[in-house]
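There are two complexes below, and they share subunit A, which is joined by subunit B in the first and by subunit C in the second.
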Partner chain A sequence: MKEILTMRHIDKNFPGVRALSNVDFTLREGEIHALMGENGAGKSTLIKVLTGVEEFESGDIRVDGIEGPVINRSPEEAQKNGISTVYQEVNLCPNLTVAENLYIGRQPRTAFGTIDWKTINENAKKVLTDLDIDVDVTKNVEDCSVAIQQMIAIARAVDISAKILILDEPTSSLDDNEVEKLFTLMRKLQSKGMGIIFVTHFLEQVYEVCDKITVLRNGELVGEFTVEELPRVQLVAKMMGKDFDDLAEIKSAATETDNSHKEVLISAKQLGSRGAVHPFDVDIYKGDVIGLSGLLGSGRSELARTIYGIQNPDEGELFVKGKKVHIKQPIQAMKLGMGLLPEDRKDEGIIADLSVRENIIIALQAKRGVFRLISRKQQEEFADKYIDILQIKTAHRDTPIKQLSGGNQQKAILGRWLLTDPDFLVLDEPTRGIDVGTKTEIQKLVVKLADEGKTVVFISSEIEEMIRTCRRMIIMRDTYKVGELPEMEISKDNIMKAIAGGAEHE
Partner chain B sequence: MNKETSTLKRMVGHQLFMPIISLIIVMLITVVYKSLFGKDGVHLDLTFFQIQITNGHLYGYLIDILNHAGGLVILAIGMTLTVASSAGTDISVGAVSALCAAVCVRVLGRENVVADYSTGVYILAFIAAMLVGALCGVFNGYLVAYLDIQPMVATLILFTAGRGMAQLLVNGYIIYVRKESYKWLGSFFPHIPLPSALIVAMVVAVVMYLVLNKTALGLYIQAVGINKKASHVVGLNSKMIILLTYVFCGWCASINGLIKSSEIASVDANNIGLMMELDAILSVAIGGNSLGGGKFNLFGSIIGAVTIQALSTVLLSMSVESTQVPVFKALLVAAIVVFQSPEIQRWRRNRKARAAAAGKKVA
Partner chain C sequence: MKNLITKMSTQAFVIMVTIILFIIMYAAGCVVYADKNFTNIQVFFNLFISNAGLIIISASMTMVMISGGIDISVGSQVALVCMMMCDLVMNKHVPTAAAIAICIVYGIVYGIYAGVMVAYLNIQPFIVGLSGMFFARGMTAVINTGMLSIADKTFDVLAKTKIMIPIDFLAKVNKRGMKIYPNLYPSVIIAFLVLVIMFVMLKYTKFGRAIYAIGGNEQSALLMGLNVKKTKFLVYLLDGAIVALGSVVYCMNTCGGFVAQAQGLEMDAIAAAVIGGTSLMGGVGNVFGTLLGVMTKATIEALVSFQGSLSSWWAKIIIATLLAFFIILQSIITRIKAKARD
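Coming up: the complex of A and B.
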């Protein structure tokens, strides 16, 4: 098959981070090619480099039919060179018609210089019929379903430049039926000889529609594989950076844990939140360290957030210490002894302009209520205590937290929750983006908390870390809770198998 | 670096430094103008700072400014909190002031000229006005906090409708209140030397300072204004906190309406609080508060409000025609705001740094 896009030895650095290092990527005519990798693997950066959103330092991009190396400086230029992208958030104008959206910016004119509506509508109809997309072209885009909007965006991209199409997480907001329709369209384009780069985190979909898989990890190329030669478990292993063959390691300290005599702290029965996590059952015991494992978007964060009340549950029941509760607000969860360190530190963790001191005491203050202000002296004692225990590097306790490094911000947020003395603490990606030393400290802290009889739910993309700290694993896949592994069975091998969806864990 | 320069630096760097300087400049301009163009030729004229006691009440330029600034100070306090919690301004405060004043006279009577009533009825009318102000705040706050409507759009509704409702209440007439005690709030209470509006503004300011600093409310409002999502995760009811700031702002508008109505001993639905929402927003900005929400300084807004009132009073005393006052006010405000802008501040810092570097080289 003819190669229509080759990227060779692509390097890209962000300040302090190597985003892409010597990455190769090849797309052939009539091929649907999955680009896979965990968070921070470099998928988006590679796409951005290709489409001119980001510049790259060195490397060579060639597109079939164009002499010499291609460097795109903007998405528009990329489009001229035959590369179009459709993102998860559709970028159409909702208040214009389907036909207008297809021809916006390149409207055919009449002899008088006015827009030729007749031709626009006729052409639009033809383009969409060719692709078997059934929609009235004079309808406003906002009246179409998300799936149809996505297809219109694709049709527009295809009509402008019919060579290389990039689909960046196109299926995240679609239901099964709509996904199937999208796949039909993708296959149709494939049969016309188009090359499609498909970025997704849904494993099933990769195996359903793709021919080739390129895996990236930490900005480096792991390899290019055909779908047949790479079973799911192998793919997960490649994404997570563990060679399946090397997984002979046996966990030594594991003991058969008998949960029957343990005190149940939290128990969920068919608790679910539509669109975020399918109904699940889970029992959480006192002193447990539970790992929530799964790929990005598998619902691992959402499960914890549903218990904590950030995500409102719309079905099922939740029991805390045997009592039925309805948690609609985090404050209710906090009063029941819970705490949650969110995944997105910047968006949901730090309160940037407030000082380290205020950031540490805010949760305890919220728990105590508005009228029982913690005295300034006590605030300072609390802040100093956790700055000391967690070794937070800050100029002063009254320094705005935004001036601290990511790792130190994270420690301050951890201090915030430790100060509330929770019985049940959820740590969602507590070690992301922080240095190795701090990572180890946080892992030790988790184990120590459990020894003190507190219950910790630990969520991390790094499987090593989970194995080191967790006593039980809950496996999530595509927003379903698909299994649990007791301590005896926790191994990279088993976790990856479960994540990938082997028959034995269905 | 010796201790003196570092104290000076801290002063200059303080959020209140620029607002206070602005106020001082306005006063200086007045003194210079009066000295140069006074009736008796060129001589130092300090009547601006003179304060006299007549009939047991204080009189003078400064008192006049503080008296007239009372309503605006209260509005500015309310506005500061909505800005802090929601990064949005409540542009309905002027119209709500008029509405509340109208409610007050409507409770007093049905006739166009309100006759004598007992004190009890007056108190009832004032309470009704305050309740309506707070209710307007609930409406605004609900739209902003719970329906996530842009604050300016949400408060635009009452901005437009408020005066109309007030007109309906007074049947389109200007209603006079012919009772001496009705004028007290806008001038002086008997046997009290300070103007009433100043006293009310001081009470509101002190009470709010205590509420914000002796309870956790001040911290909550800042946290919600900086990061609503993070505040929710740590257990704050972000929506309720935003709603509360709008309710308080609405209440402030009602107090302002009562003061303004008392000043003229009547209710003029077309003119009470007219354009005051803009002055209130400006007070917050001149006070060095970011309109982007988050951290705030109540005292800065208060100084901002006094500065704006000082400008108006001073311009009128310079016999600038009242219709032209806004032009001069705009010029001065533009100067103050430009001088405080981050770009100019950065330029000043850079210039200072360059001068310091050059000085070192010479040495």
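Coming up: the complex of A and C.
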């Protein structure tokens, strides 16, 4: 097959980080090519370099039909060179009609120089019919489903004579039915000879629609494989960076756990939130440490957030201590004895301009309500207590939290939740971006909390860390809860097998 | 009903509601105040005459709101332009045509300022409008703190020429058997010209469609290759010019200027746009819908004044209620549509 895009020896540095190092990528005519990798693997950087959003230091990009190397300085320039991108958040104007969205900026005109609406509508209809997209072109885009919106965006890209189409996580907000429609469209474009780069973290979809897979890890190329030669579990191993055969030996010293006599704290029955996590059943026991494991975007955070009420569940039931509850807002969850340390520390965790003391007491104050004010003296006692227990390194309790290091900020946020004395604490990536010493402290703390009878849900992309701390693992894949591993069975290869799914059939 | 909402665009539905409301109100006026001559077609035409300036200014406001912005300085701009007209023509003895030109040039200069601030310096339109509002009101007082009026031959020709509408169907026959045709002033003709030009510009030019696209989703507009900054800049520049023209037309009706003139007119313009189906979020609107909004407001004022004993402030209260109703209506329609889509 003819190569229509070749990227060779691409290097890209961000201050202090090597984002891409000697990466090669090849796209051929009529090929759907998956670009896979975990957080920080460099797949979005590679796309940005290709589409002119980011510059690159060295390397060579060539596009079929264009003499010499191609360097795009902006997405528009990339578009002119035949490379179009359709993003996860659809970049259309919702208030305009389908037809106008296809032609805005390049509208045909009448003899008087005014916009020729008749031609716009006729052409749009033709373009969409050609691609088997069934939609009324005079309808506003906001009245179309997300799937149709994606397809319209793709149609626009195709109509601007794109030869190379990049689909960046297009399926994240689609349901199964819609995904199928999108795949039909992709296959149609494929048969017309277009090359499609498909960025996704849904394993199943890769095996359903792609021909080739390129895996990146830590900014380096792991390799290019055909779908047939790379079974799922191998793919997961390549993405996570451990050669599958080398892992067999590590196993945690565990005892058989019997959950039957334990008190059930939280129980979810077919709880689900559309577009975030498919309905799941889970029983969470007192004193449990549960790890939520899965690839990026597998719904691991969303499961916890659905229980906690950040993500509103739209089906199923939730029981806390045997009582049925409807949690619509986190404050309700807090009053039921829950706490959640969010993944995004900067935006959802710290309040940057408030002091360490204020950041620590704020959740307790919210839980008590504004009319039962915590006195200044008490606040200081609380703050000092957790600064001491968690060894938060801060000049003073009234230092603005933004002046602290990431690890110490995280400890302060942990202190915030410990202060509310929760029975059930969700820690979403509590150790991301913090130093090794603090990581170990946090892991120890998790184990200690469990010994005190508190329940902890621990979410981390680092499998070793989960193996060290968790007594049970819940495995997520493609927003489904696909399995649970009791402590006896927690091991790297088991987790990877479970994440990869379908491995037993390979 | 739900079916209808999901089929129609939000704006079309709002306009339909406004039309129905307008007809009901006007019909009610004709029935209740039949003895007070409300049925006279001239009453209807007077609504246009007394609101010609507001129609132009509201149309411009609609354009700015479609782009996702707002211009809250228009009330003060009216006061300043009216004062400038009076001062230039009466005290400085500048010919009327030159005075009008000076006012429009002032509008363009203010528009360039607002455009640079909003489009290139990324300052919120509200804050920019606030600065313009204080400046214009202050400048009005600097020119003259008293009340000036304008009486000039050329100006009077523009302001007071009665244009008969020779349509027999609309004519009223008086006691002596003579046909009295209803009449309009040139200001109404100017207002309608502005409306038609703006309608064509918004619907049939690339610039006009870019305004809608930017109001709908600025980021998308940018990625689709539209020049967002330039379009926004031109919107404010044009707004400055049209508002100045609207202010001159406003002056033709009042023939005077004073510091406290047209206070709160910006809110009338915004209310008219919203009642006429313009979205406060941007991206949706139509100048003829806005015309309907102005007429609705004018009808309410007429009804209150025909009633006689009510304070004219009741008109404001009714408009406020109506505005709340329309905002709630828009939000409900959006919800119903979202549900239908999923």
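The working rule: the second predicted complex is superposed on the first by the 472 of 506 C-alpha atoms of A that agree within 3 Å, B and C clash if a C-alpha of one lies under 4 Å from a C-alpha of the other, contacts with A are read in each partner's own complex, and residues count from 1 in each chain.
What we mean here is this: a contact is a pair of C-beta atoms (placed from the backbone, for glycine too) under 8 Å apart; a residue touches a chain by one contact, two chains touch by 3 or more.
All values derive from a computational prediction rather than experimental measurement.
Partners subunit B and subunit C, once the complexes are superposed on subunit A, run into each other and clash.
By the touch criterion defined above, A:A363 reaches subunit B but does not reach subunit C.
In the superposition on chain A, A:C93 makes contact with subunit C only, while subunit B stays out of contact range. Judged by the touch definition given at the top, the superposed model places A:T226 against neither subunit B nor subunit C.
Using the contact criterion defined above for the overlaid structures, shared-chain residue A:Q378 touches neither subunit B nor subunit C, since it reaches no partner.
Applying the stated contact rule after C-alpha superposition, one finds that A:E348 touches subunit B and leaves subunit C untouched.
Using the contact criterion defined above for the overlaid structures, shared-chain residue A:E142 touches subunit C, although it does not reach subunit B. Once the two complexes are overlaid on the shared chain, A:P75 sits against subunit C while remaining clear of subunit B.
Look at A:Q391: by the touch rule set out above, it reaches neither subunit B nor subunit C.
Taking the listed stretches 61-69, 169-177, 313-321 or 331-339 of subunit C in turn, the superposition on chain A shows a clash with subunit B for 313-321 alone. Note for the complex: subunit C touches subunit A at residues 6, 9, 200, 203-206, 209-210, 212-213, 215-217, 219-221, 223-226, 279, 282-284, 337, 340-342.
By the touch criterion given at the top, residues 75-76, 79, 90-96, 100, 104-105, 107, 114-115, 117, 140, 142-145, 156 of subunit A touch subunit C in their complex.
Put simply, subunit B touches subunit A in their complex at residues 214-217, 219-220, 222-223, 226-227, 229-237, 294-295. Note for the complex: subunit A touches subunit B at residues 310, 329-331, 334, 340, 342, 347-354, 358, 362-363, 365-374, 416.
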